[in-house]
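Two complexes, one shared chain (chain A), two partners (chain B, chain C).
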Partner chain A sequence: MIILTVEQTKQWMQEIQKRMEANKEQLTALDQAIGDGDHGINMARGFNEVVNKIDDTEYDSVADVLKSAAMTLTAKVGGASGPLYGTAFLKMSMALQDKEVNQQNFKEAIDAALAGIKMRGNAEFGEKTMYDVWYQVAEFLASENVEDWEEMIEACQATIEDTREMVATKGRASYLKERTLGHVDPGSMSSFYIFEALVAVIEVGN
Partner chain B sequence: MMSDKVGLVIISHSPKIGDGVFELIKQVITGVPIAVAAGTDDNQIGTSMEKIIDAITQVDNGNGVLLMYDLGSAKMNAEMAIEFSESANVQLADHIPLVEGSYIAAVEANMGKSLQEIRNSLQKIELTEM
Partner chain C sequence: MKKVVNNVDQVVEEMLDGIVTAHSDSIKRIDNTTVLVRQDAPIKGKVGLVSGGGSGHEPAHAGYIGQGMLDAAVVGEVFTSPTPDQVYEAIKAVDSGEGVLLIIKNYTGDVMNFEMAAELAEVEGINVEKVIVDDDVAVEDSTFTTGRRGIAGTVFVHKVAGAIAESGASLTEVRAAAEKVIANVRSMGVALSACTVPAAGKSSFALDDNEMEIGIGIHGESGIERVPLQSADKIVERLLNQITADIDYQDSEVAVMVNGMGATPEMELYIVYRHVAKLLAEKGITIYNKWVGEYMTALEMSGFSITLLKVDDQLKDGLNAISQAKAFRV
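This part shows the complex of A and B:
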């Protein structure tokens, strides 16, 4: 069963954009605590550009929408999350090339995105980065035949809380070492919005 | 004219830092192709893959191009630029401090040293963390 069409993929990007815009201040505040305070601005700018781009373009496949988003994020975000999300969406696009999006293909695409973030950021699980949330999503998709996507959101939420107890060892936050304890990682939070937006548009079924 | 020398790209989050490093080098060296890729598309603090690709194209004379970078995303965008750029033989000066590294690289490029020779010299100032 197809769980994501071209139209739904476009809606996914729009839903992400809404969340980034609505939570710009929150993401910025999180990044002010342990980074350079630009994450909200970066994300809002990036996904505004993505939506502008895809609204004006006709797409034949989900892979093409994701590729367009990837290129725009890489070009427009400016911070680490640009190349990281750019790579994630590009790898998803490559994994879905010439394929319809059923649950199995989607799982493989998420695995590819996860490997992409790891390659680009050199991150491991538990380093207090967005990688942790993507890892959790990949785990979730590996373990069950999804009937309730809300459970994925809950898993992401738990991971975000986990980042609070971690010391950052990658990215800007790593310079602060133990001072990062007690703070949620901004990139994990923005990744949460990406998956929350996904669940708002994706179909249930196998 | 400067076709026998390795090209350099100075990548920084800050346009002022990029221009400053360029200025520092230009006082001493004028024969090396150097381009700055600093700040985002709209010159805010950050880095831009497109700016880096443009800079690579500008300084590529077929003798190799060395990318010098500062913090965080600069490295990731530099790696993406290498992947997407049409130029062959573009390398990253990994874990090399920007100011000192760029200066050393420019001096050595000006002597006609190869990309590999320059990278070997830079190893002496490699940082363990960056």
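This part shows the complex of A and C:
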């Protein structure tokens, strides 16, 4: 079964943009606690640019939309999250080249994105970064036929809460060591919005 | 928030405009980029030097553009690493065929964005090397974590690498000199108050009148520890002890930098320097040269950092060589 069409992928990006814009202050506040306070600003700027770009462009495939998003994020975000999200979407695009997006192919795309994030950032699961959320999503998709996509959001939500209890060892937050305890990782939170947006368009589509 | 701005989303753009308007004799901006380069770049026969990072560290990094220092500074959003395409534009603009050295501060974002740019440049056949500055002793040195941050010591890397490049040395030699500085430079900082990223509108943390953050970086973040405010001499002692415990400075000569974080009066920086000089003398460390002022700031954060660079003859020559950079004239 096709879970994402070209149109839905565009909507996915729009749904992400809405969430990043609406939660810009929250993401920035999370980053002020354990980083440098730019994450919400970075994400809102990046996805605003993505939406500007894809709104004006015709696409033949889901892979092309994702590639466009990847290039835009890499060029407009900067920071740690720019290359990481840029790489994640680029790897998804590459994995979905000439393919329709069913659950199996989408799972492979997420696996590729996860590997890309790891390749750039060197993080392992449990280091209090966005990698944790992507890892969880990959795990979730590995389980047989997904019927209730809401469960994916729940899995992400649990992971975000888990990051609260972790000491960061990667990224800017690692400088604060134990002082990162009790704080949710900003990049995990923005990744949550990415997947929450995905579920919103998949659910609507089906 | 109270700032002298027009539009918080335009602060970087308007600053760049201001810099090129003020210094058009020596600095130009590459069209449609946030890259500032030496007016005469690329310089024939010379290795190109590119540094950069987020904005908010002024005079870093544009202030270090000029003969004897950097060829280009890539400017990101406030406290946010610039993107690979911008760094790539800088590399292209300063490569004279002798290759380009990227001077990167050790932050996940900076390292990733600069490395992606280096990959792009290599595809185009440009010879690119990089060095990563990690002088902040407040952070534990570990291969399992992100490692130490690059802070004010980076300015000495710009200076020495710039001098060696100006002398016509090869990319390998320039890189080796930069690595030597990195191996011998250590810094640590303290904050008495936080700063506000314009687009965020609120400061990153609040300190009471009787508190300070020890071991801060240059991005308005908290330090490694919040402690009661102490006298200048006591703070200096704390920072210097941690710095001098990190590498062996016994009987060595050092270049000292006392760097203001953006809102600390020169008066206080000299009160700091006074005690640095006294303590170094007691430790048998000779001051070869010193710089007291603002070199690597975090917007309007108040506080300072101390940097010690252990020097040998090559590094001394590098520090002494002519520099036309507006924030570091020698």
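One rule holds in what follows: the second predicted complex is superposed on the first by the 202 of 206 C-alpha atoms of A that agree within 3 Å, B and C clash if a C-alpha of one lies under 4 Å from a C-alpha of the other, contacts with A are read in each partner's own complex, and residues count from 1 in each chain.
Keep in mind that, in the parts below, contacts are C-beta pairs under 8 Å (C-beta built on N, C-alpha and C of every residue); 3 or more make two chains touch, one makes a residue touch a chain.
Since the model is a prediction, treat every value here as computed from it, not as a measurement.
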> Clash or fit: what happens to chain B and chain C when chain A is overlaid?
Replying inline: clash
> Touching A:R120 in the superposition: chain B (first), chain C (second), both, neither?
Replying inline: both
> Now for A:G82: first (chain B), second (chain C), both, or neither, which partner does it touch?
Replying inline: both
> What's your read, chain B or chain C touching more residues of chain A?
Replying inline: C
> Where does A:L176 make contact in the superposed view: on chain B (first), on chain C (second), on both, or on neither?
Replying inline: second
> Where does A:T74 make contact in the superposed view: on chain B (first), on chain C (second), on both, or on neither?
Replying inline: both
>> With both complexes overlaid on chain A, does A:D38 touch chain B (first), chain C (second), both or neither?
In response: both
>> On chain A, which stretch or stretches are contacted by chain B in one complex as well as by chain C in the other?
In response: 36, 38, 42, 74-84, 120-121, 171-172
>> Using the touch definition from the top, list the residues of chain B that touch chain A in their complex.
In response: 40-41, 44-50, 71-73, 76-77, 79-80
> If you look only at chain C, which of its residues touch chain A in the complex?
Replying inline: 54, 76-85, 107-109, 112-113, 116, 138-140, 144-146, 149, 197, 199-200, 202, 204-205, 217, 219-222, 224
> Contact residues on chain A for chain B in the complex?
Replying inline: 36, 38, 42, 74-84, 86-87, 120-121, 171-172
> Which of the residues in chain A end up touching chain C in this complex?
Replying inline: 28-29, 32, 35-38, 40-42, 45, 74-84, 120-121, 169-172, 174-177, 179
